[in-house]
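Okay, so chain A shows up in both of these, paired with chain B first and chain C after.
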Partner chain A sequence: MQFEMPSLIPVLPELFLLTMTCVILVVDLFLKEEQRVISYGLVQISLLLSVCIVYLTSGAEAEVIFYGSVIRDPMGDVLKVAIYLISAGAFLYSKDYLLDRNLFKGEFYVLGLFAVLGMTVMVSANSFLTVYLGLELLALSLYALVAFDRDSKAGSEAAMKYFVLGALASGMLLYGISMIYGATGSIEFPQVAKAVAETGMDNMVLVFGLVFVVIGLAFKFGAVPLHMWVPDVYHGAPTAVTLFIGSTPKIAAFALAMRLLVDGLEPLHADWQGMLVILAVLSMALGNVIAIAQTNIKRMLAYSTISHVGFILLGILAGTSKGYTAAMFYSIVYAIMALGGFGIVLLLSRRGFEAENLDDYKGLHDRSPWFAAMMLLLMFSMAGVPPTVGFFAKMFVLEAVVSIDMTWLALVGVFFSIIGVYYYLRIVKLMYFDKPTDDTPLTAGLDTRIALSVNGLMMLALGMFPAAILSICAAAVGSV
Partner chain B sequence: METFYLIIVLAPLLGAIVAGFWGAKIGRAGAHWVTSSGVGISALLSIYVLSGFVSGSRELFNGTVYTWMVSDGLNMEVGFLVDRLTAVMMTVVTFVSFCIHIYTIGYMAHDEENWPGGSLAGANSYQRFFSYISLFTFSMLMLVMSNNFLQLFFGWEAVGLVSYLLIGFWSVRPTAIFANLKAFLVNRVGDFGFLLGIAAIALYTNSLDYADVFARIPGLADTQIQIFGDTNWSLISVIGILLFIGAMGKSAQVPLHVWLPDSMEGPTPISALIHAATMVTAGVFMVARMSPIYEFSETALSFVLVIGATTAFFTGLIGIVQNDIKRVVAYSTLSQLGYMMVALGVSAYAAGIFHLMTHAFFKALLFLAAGSVIIGMHHDQDIRNMGGIRKYMPWTYWTSLIGSLALIGFPGFSGFFSKDAIIEAVHHSHIAGSGYAYAVVLIGVFITALYSFRMFFLVFHGEGPRDSHAKHHLKESPKVVTVPLVLLAIPSVGIGYLTMETMLFGDWFNNVLFVLPQHDTLAELGKGIHGPNSMIAHGFMGPALYLALAGLIVAWFIYTKKPDVAEMIKARLAPLYRALDKKYWFDEAYQFLFAGGSRGLGNALWSKGDRFIIDTVIINGSARTVGRIADWARTIQTGYLFHYAIAMILGLLLLLTWFVIA
Partner chain C sequence: MFADWPILSLTIWLPIIGGALVLASGDKSANATRWTALIISVLTFIASLPLYSSFDPATADMQFVERAPWITLFNIEYYLGIDGISMPLIILTTFITVFVIIAAWEVIQYKPASYLAAFLIMEGVMVGVFASLDAMLFYVFWEAMLIPMFLIIGVWGGPNRVYATIKFFLYTFFGSVFMLVALIYMYFQSGSFDILMFHNLKLGLSEQILIFIAFLLAFAVKVPMWPVHTWLPDAHVEAPTGGSVILAAIMLKIGGYGFLRFSLPISPDASHQLDWLIISLSLIAVVYIGFVALVQQDMKKLIAYSSIAHMGFVTLGFFIVFTITANPNAETGAMLGVQGGMVQMVSHGFISAALFLCVGVLYDRVHSREISAYGGVVNTMPIFGGFMVFFAMANAGLPGTSGFVGEFMVILASFRADFWYAFLAATTLIIGAAYTLWMVKRVVFGEVANDNVAALQDISSRELLILGSLALAVLMLGLWPGPLVEVMDASIANLLKHIAVSKL
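== the complex of A and B ==
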């Protein structure tokens, strides 16, 4: 076999991040406790440099290397940049929280960076095997992160549940992949798509495999009825980890869906559209309704995530480039909103105090009018109130659904998001109309404050100029 | 020419703006100078216009000043139509308005006493009052000079607004606020009909311009429309009646008359200007202006006639039992407005306008004289407390006498010619309702004389005021008050004698007022009359004159010679007295039916519709339902790993059965 040295340029960002992760792992060993901030700095520098590298290696043409296993295309580039930047934000918000809880360790960042690497591998995957590789790298890092606070019973319990259920889901996904391999004889997406188009949709084995793949996918998204892990993990994990799990992995999940369903199984669109409709409706309904009954903000945001996942699925199931654009826009916007939302939770938490209960938000306006306003923007955006960006995210998705003549589905989406407005506005009500029960001043550092302000104002700025991100998404999806 | 007419309209507006916005800066004198000179300029120019028409040197003007917008082929414009009718109205309006501006300087001189100390609304109230009456003059000129329905409606609403503002001028008095709200709401009813009428015109002629519309009306004379079900209605009748409903509101015709007596809560100058001389006659003017429409519908004319006659008679009766000096004059105004409507109903438009003009002078005079008495009595308005004022206020006494004689139609006075013309025109008419109308307007003459001189004798003759304190302070009002009285007394006496020939029987209103030959009652009447002296002579042959004299004598007898007769009659006719005293219970009925009814409806909608159905059932009900579902659904999340795994497997099975097996 002739071994040809492949061009490594298309995977340079991943290679760079992997190298840096290993470097940080080693450097961290030699640092004293009080020098730990150096690792943190290195992490942020690595992420920002990765963004630069993606920018430098980007191009309009898709490049496939490693014998069809890996692809670099504009959609991947955009998603990777989003993942790097939002992860950097997540690490930034987490710093103070981790320092306060004696969790400020190199391992946190190494695991975090491996998770980021896993996500980018998923984004770049061009075969079932690569997808699975990235998925497991992400999942294993996250299991460990959830249990990062070893003394926390809730954290350990959540990690255990996450791990067992994740293993089950991975098994299902792998089983589905094996079915598809059996039916098509390939694990590379283009070949699979070609084979599926030839055999047609009547192939029972293919549809059988598809169901398992969709189930595995739904687990990653946290779509109903595979959402059970989401509230427990969000609740049990340290808030810094919840922030991380709640934001970027949604972008990775979107990439996963695009690679598996669109790149690989596009000819089966009619089938997976039906499955996604069920998942989306259940997610929007259950997520929004149960969120109302929550008293813990982390659980509430967990259910809110589930409902947002329903919206992302709406965009994907449309099966048109308009729908994919809308879903991509939605997942990036959602990641930013979730980053800000949990960022505020971190901001209010301090040593020995977790701002987990809704009552902790009472009278925030009296304590800090500025961050109350930021939270207001974030909540409005999540609820989909114009002119915040969340409104446009929802509108584009609904437009995509309406344009494929599934108006009823759009109405269902609207109906449940109206119900959802309640629990977002309840936070606003608590912040502005109730008296504070706690007058402790906020302790967050300047970097967090600035980043959170930018994060909150982005809701408004992107809402005014949604085309900024939307056109990037449209260009990226257009090349799929 | 446009500019010339624009000056007439805009001079009062400018005065109103300056006095209204910069009243505090220019002070009291500044305010009354700027507004009075604005109206004075308008009055002079109006008289000049009128004299141009009299001498025949002036041509009819009909032109657009400004096109506001064109919507679906419908031109909405500001434009002037100045013909002989307009010229008469302009002159009357501006002249009376000018007199009232001057009179107000005296009447409102101590207005600060009418406000509680430190009241913010009372600050610069003097300037504000002048601003309002100038604004009224502008609005009224816009109304009468309009050449299209849109501007007519603008003027119509604008005078209504100013009337509202002025009735409630003393906004710290609950009665004033009640009265202006009442006026506003009752006028809403009329304006609703008016607007529908204009809409019908726009719908069927696709134009708002008078000339266009009038040209198309004969072609629509036989058009039938269906409003409710299959009943056919004559389009012209519908339009005529709808427009007249507007006139009923503005000119206070039964049953929309209830606001006018209450409007006496406003200061006396505006009672004279708006609620006697000008604004309330807008309905009369409008119907006369629309004569090309009304002539094609006898139904509408009969409607006008019956409503007018009813108003003339029944409101006059109420005047007999009133004790508030201003209210007596107010009921007299209602009654005289009824006479004008009667004239219109029998197609004697010229007689209606003629009575409008003479009435404007003598009624403004009576109101201002009443105001002068009120000043002398220190704002006590009850005529039972007055008496013997004659010797203290000679100018007021003599001008009042002139006004009262004009009102009752004493031969030679202006009111005689106009009222006699109306009565005779009704006599010659043959349309439905003319018999009834003739009877009531004749009796009305007696009633008019009775209530007018009852008031006159009670106020000016007999013993002095009961309150010796008031007696001590009684003196003639200042020059600014008495001069307008004299100014108005002159036309009250002479204007009828001078103009009756031209206006009633001459060619003055040719091509302005349109009368079909078969309706032309005035021409019929004119056959036997040649000049004013002939008319006076003719008057001695009819019953009206004797009825008026009888009324005068009865009033003299009862109220100066035998006051106990009045008490006796009152006791004998107790039920009738009660009905009159309660004004036929119109107010109570409206208060109960409409005010109470709409409040009840509103309450019902609020408590049942809004609070129960919307708030409790729909809003809170759905919220509670969702909340209950949420509380139940959260129990799915048991926390047990095996439950979670089962849920995943069940989800898998669901999709499998759905998509693979099915």
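== the complex of A and C ==
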């Protein structure tokens, strides 16, 4: 195989990140314990530079390279930038947490960067094989990250569970891919789509393959009934890792769905729409109802994730370009919300105290009015109350399902979001209406404080000007 | 001269931005914060006055229109404008807020900056609800209103405040999300969120009925109508005085306004089909809730129930129009009904605000809202006693006060619809008088009941200013409702003309 140099330009962001990850891995070996912050700095710089590279090398047209394996298109660029930036935010929030717990190791960042790399590979996949490679790179890094605190029993247990279930789901996905390959004779999305459109829908093998692919997808999303791992992993993992798992992988999962279902299996839309309806309704129902019963905020946010996934699926299943735009908007917004939500959890926690229980939020308004207000904005945004951006995210996906004459689905969605409001309000109630039980002042570096403030205020700013992100998403999806 | 100025935006954003500043300034110098908040609220009130003075009552078109694209992909606009229906309610909002700020002066010692900021922000948001002509903008303001109120009740409320505020939030949120789906549905039908476009949107009867029910869920909870009223007594009792005032005086009106702006013009045929439902619910509110008010031990609860009964009049006035127009020779009757409902809303805004402030005055001194904790207040607080009796009379609908005008117009109109409607509605004159005056008798008159009452100080000049201004407003509106009725004339006539034409 001979590469011509220019053909590598579209994958330059990934190449750069891969190089930097290896460099950091090596550099870290030569750093003393107290110099570890250098690797942290390198990580942030490489993420920011990756954003610049994506920006500089982006084009308006989709480019397919590596013999049809990889695609570089505007949607991928937007998602990549979101992944880089939100991951950078996640690493920023985690720093103090890791330092406090002697977990501030280079490996954390190397694994994290590999996960980011995996996500971006998924985002730019143009064939089933590339998707799978990206997915596994992401998943393996996450398994290791979950068990990063090796003395934590809960962490090891969660990692084990995640690994076994994840391997099972990957197996399902591969099995489905192999069936689709058998039915269509290709693993490249455009060829698969063409073959499916030609052979028609009544090919049993194809539909079976689709079912397995959707199962794999649902697992990665954490959609009911394949959600079992979500609460345990969120709960068991160190909060810094939960923050990471809870935010950007949702964007990657959205990309996965777009690549697999839309690029590859669009002609089967009628088939997968029905499956996604079931997944979406179950996720919204179960996520919202069970979240009420949680007393641990990480578990609560885990169930809340499940319900948000239901909403993202609503946008995808609509199958219209506005629906995809809405789902993309939702997943990016959700990643930002989750980042902020877990960021507050990290802010409150300190050595020997995880701030995991809902009661730990009592009287936050008295302890720190500013961060209580940020959490308030984040909670209302997750609940979907205007004028925060979470409302618009919900509104746009509801519009998408109404536009395909599934108004009943919109009604189901809003019904469960009413139930959802309750547990978000409970956090606000604890923060604002209860007296603090713990008067320890909040200690956080200036960087965390600024980032969290920006993150919280973004809920309001984007709520007032949702078009800022929405138009980017629309332009990106429109060009698919 | 003001017609081209962005007065509506100013009235919305001045208090919101001012509120944010007050919030940021914190509690370090509470007095400076109070003055800032007061100045902002007065400025907002002044800013809203041109809406009245430069208002053209001859036209039913939207005035002071501001229009800019907001979210182009979904055709959502920042589209503001007012007509004769929304204008009086906006002035009411800016007027009442000034008194809420003054009333909080000494009473609120816990985090006064946040308290005042919450009310200022809420003021802007409520004005936004009345001024929005884009359905999504309306919805954003409509829901945004809940957040400050949720905090006001929850942070500064009474002992059972958490229960009350969560109930309040969930109830109203429940009602409104179905409206959201209806709005999105209509967007999909019409391609825009323009409310005026919705008015002219052709809809089949079954669609209209579903849309009507979605709106009903939202507005009935807000008004509130029996049987979805149960959040109101809880919220009122637990809310701090200012919260109760805003709830009763303005938030309830938003429900009534919604019927006029959305339900009636968008789904006229469904409104016609289902008017029996609204009329029965309204009459139940008037009669049954009146009796419920009679047995209350708690003054705030009593006024809360009386609010529900009075709002029953509003919805009755709005929905008897179909029966009236079906009867021969009754063109003016329909007009009278809707006008009566509107006057009742404005008047109730003043009276309920005043009554809650009166209870607040007593509560600040004795820290009890129980009727039985008082007796013979007039002996120690003669001036206050006079005001309380006056507002109670107004609440009972005494001629000469604003309470009479609205009730009388609605009763008069309901006679043209059906004798029994009028008969049942008119019972309020007796029941209303009974529960209000009986409360006054037990609280204000009689011998001095206990040491607490004996130690009462009469109202301060600050309280005198508040109650005096409201009394003046009640009296003026009662003696000379002309200016208020005039400004809404054209808009209501246009609305009635619009709903008389079937969309089918």
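The working rule: the second predicted complex is superposed on the first by the 474 of 480 C-alpha atoms of A that agree within 3 Å, B and C clash if a C-alpha of one lies under 4 Å from a C-alpha of the other, contacts with A are read in each partner's own complex, and residues count from 1 in each chain.
In this section, a contact is a pair of C-beta atoms (placed from the backbone, for glycine too) under 8 Å apart; a residue touches a chain by one contact, two chains touch by 3 or more.
Keep in mind that what you see is a predicted model, and the values were worked out from it rather than measured.
In the superposed model, A:L460 lies in contact with neither chain B nor chain C. When the shared chain is aligned, no partner comes close enough to touch A:L133: not chain B, not chain C.
Touch criterion met: A:Y422 reaches chain B and chain C at once.
When both complexes are overlaid on chain A, the residue A:K161 reaches chain B alone and has no touch with chain C.
Using the contact criterion defined above for the overlaid structures, shared-chain residue A:M172 touches chain B, although it does not reach chain C.
By the touch criterion stated above, A:F391 is placed in contact with chain C alone, chain B being left untouched.
By the touch criterion defined above, A:Q294 reaches chain B but does not reach chain C.
Contact with chain B, but none with chain C, is seen for A:M228 once the two complexes are overlaid on the shared chain. Shared interface residues of chain A (contacting chain B in one complex, chain C in the other): 422. By the touch rule above, chain A contacts chain C in their complex via residues 322, 325, 365, 369, 380, 385-387, 391-392, 395-396, 398-399, 402-403, 407, 410-411, 414-415, 417-418, 421-422, 425, 428-429, 432-433, 466-467, 470-471, 474.
Residues of chain C that touch chain A in their complex: 70-74, 114, 136, 139-141, 143-144, 146-147, 150-151, 154-155, 161-162, 165-166, 169-170, 173-174, 177-178, 180-181, 184-185, 187-188. Within the complex formed with chain A, the residues of chain B that make contact are 623, 626-627, 629-631, 633-634, 636-637, 639, 641, 643-645, 647-648, 650-652, 654-656, 658-660.
Looking at the complex, you find that chain A touches chain B at residues 160-161, 164-165, 168-169, 172, 204, 207-208, 210-212, 214-215, 218-219, 224-226, 228-229, 231-232, 271, 274-275, 278, 286, 289-294, 419, 422.
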